[in-house]
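Next come the structures, one after another.
Both of the next two complexes hold subunit A, though its partner changes from subunit B to subunit C.
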Partner chain A sequence: MPDQNGPFFEDVDLGDEIGPIELVATDDNVVNFCELWGNPMPNRFTSQEIAEKSGLFGPIVPGVMSMAIMSQALTDWAGPESLKDLDLVFRQPVPHNKPLLVSATITDTREEDGKNLIECDVLMMGEAGERYVGGTAIIALPSNRGQ
Partner chain B sequence: MTMELEYNRDLYGVEHEAGPFEITPELIQTFNRSIGETNAMFTDHATAQAAGYSGVLAPPTLVTMLVRNVELPDIELNFGVMRFHAGQRVQSRAPIVAGDSLMASSHLKEVYPKTGRSGTMVFTVWETTFTNQDGLVVADVQESYASRE
Partner chain C sequence: MYIDLHSHSVSSDDSRATVEQYVKWVQVLRDKRGCTIDGFVLTEHRKFDFDKDYSQLAAEYNVLIMKASELDTRCGHVLVYGVNEGLAKDIDLGDVKMDARELIKAARHHGAIAVPAHPGRFGIGLVDYMDQGETFADLNIVERLNGGSRAGENERADTLCRDHSYLGTGGSDAHLASHLGTCMTSFPTDIKNERQLVDALLAGDFTPVWLKDIQQNN
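The block that comes next holds the complex of A and B.
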């Protein structure tokens, strides 16, 4: 792995926690995301009126974007090529313009097919403890053996 | 008691293809901007080249945005009135780099019921495999949609 700035496999242990990393999806971020995604606007992700008609409190962050945000938090920590598997369940609508706290807890470390893998439970929460998105991630880390 | 679901089982084994999707530096840049991504491997050509790549890397979930371009048929599920995006999985198989051209192929993976405190829901899972211009599988994406009574 080039230019290693993240952790080595030997640096982490079962039960270690990553984060929480605080991120915010602004109205502008969501509009930009929907434009790129090709989802015609206005929609329940960008319009208060349409969101309310769908029974929501207001416009929400698309699940695809929540995943991108959680992925970003993990690759910020472990490195851009590290994330091998991210498996998420969207539990509650995610609001715009509010702090989103992304954290992970390491639940397994193993060597598999020559790779040093860690498995984590991952979570995106709100400030009041709302559990918006949960799931698991598998991350490959470099080893510092022999250095 | 096992729940007998009615839907079009003939869809199993049928692939629905779309593409090519050109992974341009501009596409990656716009994706980065929308989520505030600043890692130099995703944003800076020189940094990615110094690491041995021909262009900037695509963040691992960029492919999830392309899935909606695959036209998927109605599975004719005879259950529920509400349908929502319940979950998503992305498995990175190989780096995706600016300049790559990807093809997508989707198929119905499974349909299953699950009963919890809020009642029964039926989950429909589609799986999409992305392959690059060299025929290399670069990512698999699973999208799960729930139908609720």
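The block that comes next holds the complex of A and C.
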């Protein structure tokens, strides 16, 4: 059996909360992400001028980076390869250099095809309660039965 | 009764919550968090789900599930309770540029009631339109507490209610299951269906509440 530092399926219950984890996507973080991603710069994610031409208040965090941040929050809690599905709605542009609060709430648990699955609501919010990105995730957890 | 007057299921394009997930979440609120929540209203965006029947699910989980709409107008979003075939024939529910005043009038004409949603929302709420000179003579009720509001927005709705003597409702504006019930409306009367909900709103005897305040009082 692999090392298990995260929770077991039997440890979690409906209504349990994960986080909130607070982090900031800095200008440098976004530039590094765009380099890795291969998105040519400058772009609306890195340039004030281009962002404003696109009708934005300023450069924003790429949606795929927000997904990565939220995915990491979940896999940091549950372990690598635990995340089976992530379905997000991008409700507002995510700003650089401001606190982002990532949290999840367990809304369902079930056993399906031999897997122990939990379903969570997952949310990225701003300090003033802005709901930037929200959606649902399905995570598979190991069982401790028989131990 | 505590009823969440504003929620969205996956029938709305921007929601990820199924009605089944909502009723399960109601059980979490009741059993694990000691909250009272009697029901919720599905206020789907720009539509009314005439074909959907949640009565079996409602009975199974002992939760009141009602249906309504959240419509787009030129002066912000408006919740409409008591939507019926007559109203849907007179008003194009999908028209994002409809006149809010016409909607308020048409709703009353057909026995429904229109309540502007999150009026304090910056940029798109009724407060901003009224600041620009728009007036709404037939308006009596607005959504005073919205669970999706940013800091300051519910306060703007409070001020609007005070300045114009509007009554105020509460709703979570949930798009995810775990947000259901964060704000609700407290009614002293028993409500069993949409018709009775409209009557209760017209009677004017209700109060918006935060779930956390009810928890503290239980």
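One rule holds in what follows: the second predicted complex is superposed on the first by the 146 of 147 C-alpha atoms of A that agree within 3 Å, B and C clash if a C-alpha of one lies under 4 Å from a C-alpha of the other, contacts with A are read in each partner's own complex, and residues count from 1 in each chain.
Here is the rule we use: a residue touches a chain if its C-beta (ideal position, glycine included) is under 8 Å from a C-beta of that chain, and two chains touch if they have at least 3 such contacts.
Bear in mind the structure is a predicted one, so any value in this text is a computation, not a measurement.
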| item | value |
| --- | --- |
| Partner chain(s) touched by A:49 [first = subunit B, second = subunit C, both, neither] | neither |
| Which superposed partner A:23 touches (first subunit B, second subunit C, both, neither) | first |
| Touched partner set for A:76, first subunit B, second subunit C, both or neither | first |
| Partner chain in contact with A:111 - subunit B first, subunit C second, else both or neither | neither |
| Subunit B versus subunit C as contact partner of A:135, first or second or both or neither | both |
| In the superposition, subunit B vs subunit C on subunit A residues touched | B |
| Partner chain in contact with A:89 - subunit B first, subunit C second, else both or neither | both |
| Touching partner for A:15 - first (subunit B), second (subunit C), both, neither | second |
| On subunit A, the residue positions that both subunit B and subunit C contact, one per complex | 87, 89, 135 |
| Subunit A residues within the subunit B interface of the complex | 2-3, 23, 25, 29-30, 32-33, 36-39, 63-65, 67-69, 71-72, 75-76, 80-81, 83-90, 135 |
| Interfacial residue positions of subunit B with respect to subunit A in the complex | 27, 30-31, 33-37, 39, 41-42, 47, 50-52, 57, 59-62, 64-65, 68-69, 84-92, 95, 142 |
| Touching residues on subunit A, where the partner in the complex is subunit C | 13-15, 87, 89, 91, 105, 107-108, 119, 121, 123, 126, 128-131, 134-136 |
| In the complex with subunit A, residue positions of subunit C that touch it | 14-17, 21, 24-25, 27-28, 32-33, 148-152, 175-179 |
